[in-house]
Amino acid sequence: AETIKIGNIIPLSGPSASVGIQGKNAREMAVEEINAAGGIKSLGGAKLQLVFSDSKSDPTTGVTEAERLINSEKVHVLTGAWNSAVTYPVTQTAERYGMPFIVPVSVRDTITERGFKNVFRIAAKDSWWTRDQFKFLDDMKKEFGVDVKNVAFVYENGDWGVGFAEKWREMAKERGYKVVLDEPYPSTASDLTPVVIKLKRSKADVVFMTSNAADAILLTNTMAEMKVNVKAIITSGGGHADPSFLKAAGKNAEYIFDLVEWEADLNRPGLKETNEKFTKKYGYSLAGESVDAYASMYLIKDVLERAGSTKPEAVRKALIETNLCGGTVGLLAYDCIQFDQSGQNKNASLVIVQIRQKGKDMERITVWPKNVRRAGYTPVFPQPNK
Amino acid sequence: MSLLSIDKLNAGYGEIQVLFDVSLHINEGEIVSIVGGNGAGKSSLLKAISGLIKPMSGSVSFRGENVSRVPADEIVTRGLVHVPEGRRLFSLMTVYENLEMGAYNRNAKANFKRNLEEVYALFPRLAERQKQLACTLSGGEQQMVAIGRGIMAQPKLMMLDEPSLGLAPVLKKDIFAAVKRIAIDYETTIVLVEQDLVNSLAISDRAYVMEQGQVVLEGESQMLLTDPHVKAAYLGV
Amino acid sequence: MKFLLNQKPSNIGIAIGIIALLFAVPMFVSSPSVMQILILIIFYAYLTSCWNFVGGFAGVLPLGHSAFVGIGAYTSTTLYLTYGLSPWIGMFAGGIVAALMGILIGLPTLKLRGAYFALATIAFGEGLRVFVENVEKIGPLEIRGPKGLLINLTESSFAHFQFMSKVPYYYIILVMLLLVLLLTYIMMNSKIGYYLAAGGEEKDAAEALGIKVSRYKLIAMIISCFLTALGGTFYAQLMLYFYPKSVLGLELSYEIAFIALIGGRGTILGPVLGALLLRPVNELTRIYLSDSLPGLHLIIFGLVLIIVMRYQPRGLVEPVSRWIGMLKDRFSSKPAVKSGEAVTD
Amino acid sequence: MVLLEVNKAVKQFSGLTAVNNVDLEVQEGQIVGIIGPNGAGKTTLFNCIAGALPPTSGSIKFLGKEIAGRKPYDICKLGITRTFQVVKPFVTKTVLYNTVVGAFANTNRMDEAEAKSLEVLRMLDLYDKRDIQAKNLTLPERKRLELARALATEPKLLLLDEVMAGLRPSEVSEMLPIIRKINSVGVSIVIVEHIMQAIMNLSDRVYVINFGKKIAEGDPHEVVADPEVIKAYLGDEYVATQH
Amino acid sequence: MIGYVESVINGILMGSIYGLTAVGLTLIFGVMKVINFAHGSILMVGMFAAYWFVTLTGVNPYLALFVVVPFLYFFGFYLQKFVIKPIFEAEKDIREPITVIIVTTGIWYVLDNLALLLFGAEFRVAKTVVSGQMLEIFDMYFLWSKIIGAGVTLLLGIYLYWFLRHSRMGKAVRATSLDREAATLMGIKQTRIYNIVFGLGCACCGVAACVLVPFYYVYPTVGVPFDIKAFVIVVLGGLGSVPGAILGGIIIGLIETVGAQFMAATWTEMLIYVFFLFVLFVKPSGLFGLKQDY
């Protein structure tokens, strides 16, 4: 049988190498499983073959790689590219060549808002993230009867953080919060003490944060050291969801509320087994990014089965008609993958976890939405003073 | 036995050969002049002896040992010191520090104080300017430091490359006198490369004449002064 | 311009042959991805040749040249997005802005020597990047901070500087490169070139000979910045998306300088040779190695840098011109030798 | 006509007065010699005239125009070119390249600059070395190159700082007619030299400087007989060998 | 008000640590006239060494100084001896050998990515007895590890100043930096001096690494932001000047920390560059630099 090539453009070196490698491992595990289970049956048991290329988090490289994957490697479908800044121009290239492009994660809204016919995103977009952070805050205020007046925004000054902050501002205005600090910082900063001093003096009740791994660690540790007391810290995945963050920040990270797409303690069929298998294989646990990458391979399998062809038009048609529920994608936080007009997975939803100490280690416990909250756990809100 | 003897030395820069089969010897306690026109290879000869350029063939032996493969810094320690053309002071260091560097090699360290006093006695101007940066000295002052630095190394054999270059007549005389005194007081053997034939031959015992990378003439200094060829070519008489 | 004609006929012949060959490339290469790689090689050769005016001839080492690529890209694109101004016109606007910026930065820094200048330009480049990342709007012009600018897809259109095929991009950048090389050649053989070289080597001596060194350096800077910015517009139109780190980053600045140094700075062919070596090494190692061991391809890239400098400290231009010389000897002496060969055979 | 007129020039370095109230006058067509012990301030005076250092006070007039404190390139444009005691050739460039840089002072055309260069190189006996890189020259050759390069700018006034240092007497004798020839085509010259043979032969007028101050001035033969000059500069021996 | 005092002190503390990270760079430049682009990577190597030492033995983190500093000294010594020296020899007559810059960049790529291969892209934080320990005065908080770091910087600065000004070896180092050939003629072994200086420069990175590890994270490209900062610092202070580097670091730390109280942290980054260019305008040789060097 023929093999079907899947091109993947992800950052394998440079500043985002860590997530890139997670995504690579997840894809490899999924493809192994799919091939072991007999490949694509409607294509005579065709096997999937992964082709990876390193974007170095650099758009130029991403585009060059996309051109190469499409024209020289002759891949049948593309996935990528994690960094919104790379995904952006790469979807354009895909569009030009009519190549189906699946975006497991890359949150910027506009990626699916440019009227492209070949771009399909599994993950939620950033307006949904910020919306859910404020919804969560509303729910917590109600649940615990706590008032919140002052909010602070602290975010890395890349397109991701700045994009989030724009939405936060709108949302805070709608809900009548007073923004006492609106502080972008360079994510390569070697010292964030100045930001923390400012935060401390700002008398914020709740801090919203968007950070990459390094700065998340610095901020969290410095905030604990300088005894910054707030009612809650609400973060946006990314650095705060990075496996090395919990290890590096340790107890200082306790009580943080982190918004993510997925969490290992979700009560979902098959999740535990898959996560155990992954952890055994690669030495660390699945995370939102890697789950989406994992699911993207099963999505491709499903699409190819239904398309019965590798022709782009057929694949695209099958993608539009996707209604992939249960099975191995059941480990997602929601039930089915379905795309709307723009190519956005309309079911993509988010959960909030709280970080707590468990023995010597830190643990992430799902708390929101309430219907998926871990049984028997009551969130700590507001967090105790330091 | 000679202190320094050179046998059939060939040397140059990269591909370009500038010394051809040079042989000469220097006896202990002598002052020997090396004279010759511009580009004759005098400076190159000194460089080859002190290890700054590596010979292509031939041997240089100093105190009975072949030093043609010994690195330049090691040769200094053995007592062979080269005071190069063009002064080459450490511009951003003081006069004192320059002299200190002269005494860097381990033999000279012990007698640092005594040698320093000698140098200051020889060139009182340097004592005045101890703390001045070398780059701000006038040409003549710099030349004094360069020679002083050579003395500080307490050499067995000192090779001076054009020490009187650019010096006022009154100083020139002093420099030659100083060279002579160094030779006597310190029992230092001296190789002197000079354009000022009259003065250098006056203080030296023997001399070699170089032309186009070869030794063309050698002999007692006084004899050379009267040699018709030397007279015509170097004294312009 | 007489010296252009004073060249030996064989040299002119070779040059024309190579240029003809370059123009014919699209007839043989159909794959857009290969074209893309070729375009990028030429693009980098172009940027490096522009860099060469300052870095090669004025005797200093600028390490912040991506700033001018960025100025070019941002100027033409914001004008295009806000006023619909054709990028072709915006390109020259960008060039002018870059030239003005070049004067601003050149006035204080061109007096500096060696390492100071290099580090000052790094700081300037980084400062500009930080600035752009912090700015949403300048007057009516959308800068959009770290989010970058996106040019909407249109059909192939010369006025919009957008083409579905890679071929037009190839020809545009090729012509740009050839023009810059010609300009370099003319300059090297003129008073400005001589004055720049002299000022770069011994400033005091040059000034004593009546050369206002800082002024000539500034002229070189203006030319260099202007041309570099044109390249920025080209890049923007080729990629249709860019953001501060991609056009204003240090990495781009370093790469430009490395290409020049590996190829041979201060020579006409150096930038081209450097780009011909470094770009493919960069691409190939990434393609073939990045999915086996992360980072291995960059280790190899690093080793290539070290090895080339170890064995060709003056850049590739030296051995290459030796080979060309040898080849030329072979060819030109062919007819004479031919009969002899026949006999010995 | 007075070409250069230095009036009460003073140059101080932190604490040290290197040039102290020096007056100097150069007539058109003259060769003026400056002598003085090492460290007397001769090079510093040149630096002030040529603009490499601004004088602390005093006036320097060239063709009636005040030039004190102006930049070296402007002063060169006015017609004063100097050579450096510590030579500064463009070492990685050829001899011809070096002089062409100088020759561009008066033309923008390559061919003219080259023609001028070849002319001075011939005159200074460097023609055969024109394609050699300057770093491969010997010191005296470099000194001649320094002179050639300065000459290529076609100056009205040439400041020569020890261009003959390191030459043997016979070579000095060869240089003398060259300098006289330069002078004869209308270039005025100020020359600093320790080689008395040259000073005596060339100068129309000699200034003697000691500790930054002018101690004597006048006809060369008068000056060398001045007891103060003998004491400070020449030494008794010089007098003895000359007479 | 108290916020400003706290900022000023924190700025000085962090600034002196920045200065510390730049000292090695300025030292190497001062003698070899080479900008060591691998500087940040060497800091990274030191941080990994300190991290592993502290994590594996669990001892007081400052004991790592006794292991990491000698380790980096020899690392630098042999790096210069085997990798950089041959290139230097080819560029003997050039004052600022630019090819060496490329070589150090090559070393940078190799080291950073080797670390990625060996240790992965993970961020690591060493848990030590001093980590997170604060000095609290009037509601102002200062991290002990930064205070110790500033102290170490001061001591190292004094030591290096003494070493270069007054020790025999230090003078030989300066002599070599001024005229390599003449130094050889004094019996100073030039290549050995270079090895030593490169080793010392790297050892300074080792000191900085040990100071950083108790409160900072470690990962393969951790050196890059410090690198650029160090470039700015050494030029501000005057290339080749040790006190200049430390003072430059403190200025940067102050701008960063105090400036951030008046504007967004991203703008202080910008302010640093503006200030930098301003200093170049008015005093091109930097605060402590020698005129001859620019």
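Residue numbering begins at 1 within each chain, and the chains themselves are lettered A, B, C, D and E in the order written.
The working rule: a contact is a pair of C-beta atoms (placed from the backbone, for glycine too) under 8 Å apart; a residue touches a chain by one contact, two chains touch by 3 or more.
Being a predicted model, the structure only gives us computed values, none of them experimental.
Asks: Go through the assembly and pull out the chains touching chain C as well as chain D.
Replies: none
Asks: Note the shortest touch-path length, in steps, from chain B to chain C.
Replies: The distance in steps between these two chains is 2.
Asks: Just the number, please: Cα centre separation of chain A and chain B in whole Å.
Replies: That gives a centre separation of 76 Å.
Asks: Based only on mean CA positions, could you tell me how far chain D sits from chain E in angstrom?
Replies: The answer is 47 Å.
Asks: If you average the CA atoms of chain B and of chain D, how far apart do the two points sit, in angstrom?
Replies: 29
Asks: If you average the CA atoms of chain C and of chain E, how many Å lie between those two points?
Replies: Result: the chain centres lie 32 Å from each other.
Asks: By residue number and range, which residues of chain A touch two or more other chains?
Replies: In chain A, the residues touching two or more other chains are 13, 17, 21, 157, 184, 186.
Asks: Which positions in chain C touch two or more other chains at once?
Replies: Counting only residues that touch two or more other chains, chain C contributes 130, 133-134, 294-295, 298.
Asks: Which residue numbers or ranges of chain E touch two or more of the other chains?
Replies: Each of 113, 116, 121, 264, 266, 269 in chain E touches at least two other chains.
Asks: So which chains actually touch one another? I want all the pairs, not just one.
Replies: A-C, A-E, B-D, B-E, C-D, C-E
Asks: In the complex of these two chains, what residues of chain E are touching chain B?
Replies: 168, 171-172, 174-175, 178-179, 181-190, 290, 292
Asks: Within the complex, which stretch of chain D touches chain B?
Replies: 13, 35-40, 43, 85-86, 136, 138-141, 162, 165-173, 194, 196, 232-235, 237-238
Asks: Quick check: in the complex, which residue numbers of chain D touch chain C?
Replies: Checking each residue of chain D against chain C gives 50-52, 71-74, 76-77, 81-82, 84, 88-93, 97, 100-102, 104-105, 108, 110-111, 113, 149-150, 153.
Asks: Which residues of chain C touch chain E in their complex?
Replies: 61, 105, 108-109, 111-116, 118-120, 122-124, 126-127, 130-131, 133-134, 250, 254, 258, 261-262, 265, 293-296, 298-299, 301-306, 309-310, 313
Asks: Can you list the chain E residues touching chain C in their complex?
Replies: Within the complex, chain E contacts chain C at residues 29, 33, 35, 83, 86-87, 90-91, 95-96, 98-103, 105-110, 112-114, 116-117, 121, 220, 228, 231-232, 234-235, 239, 264, 266-267, 269-270, 273-274, 276-277, 280-281, 284-286, 293-294.
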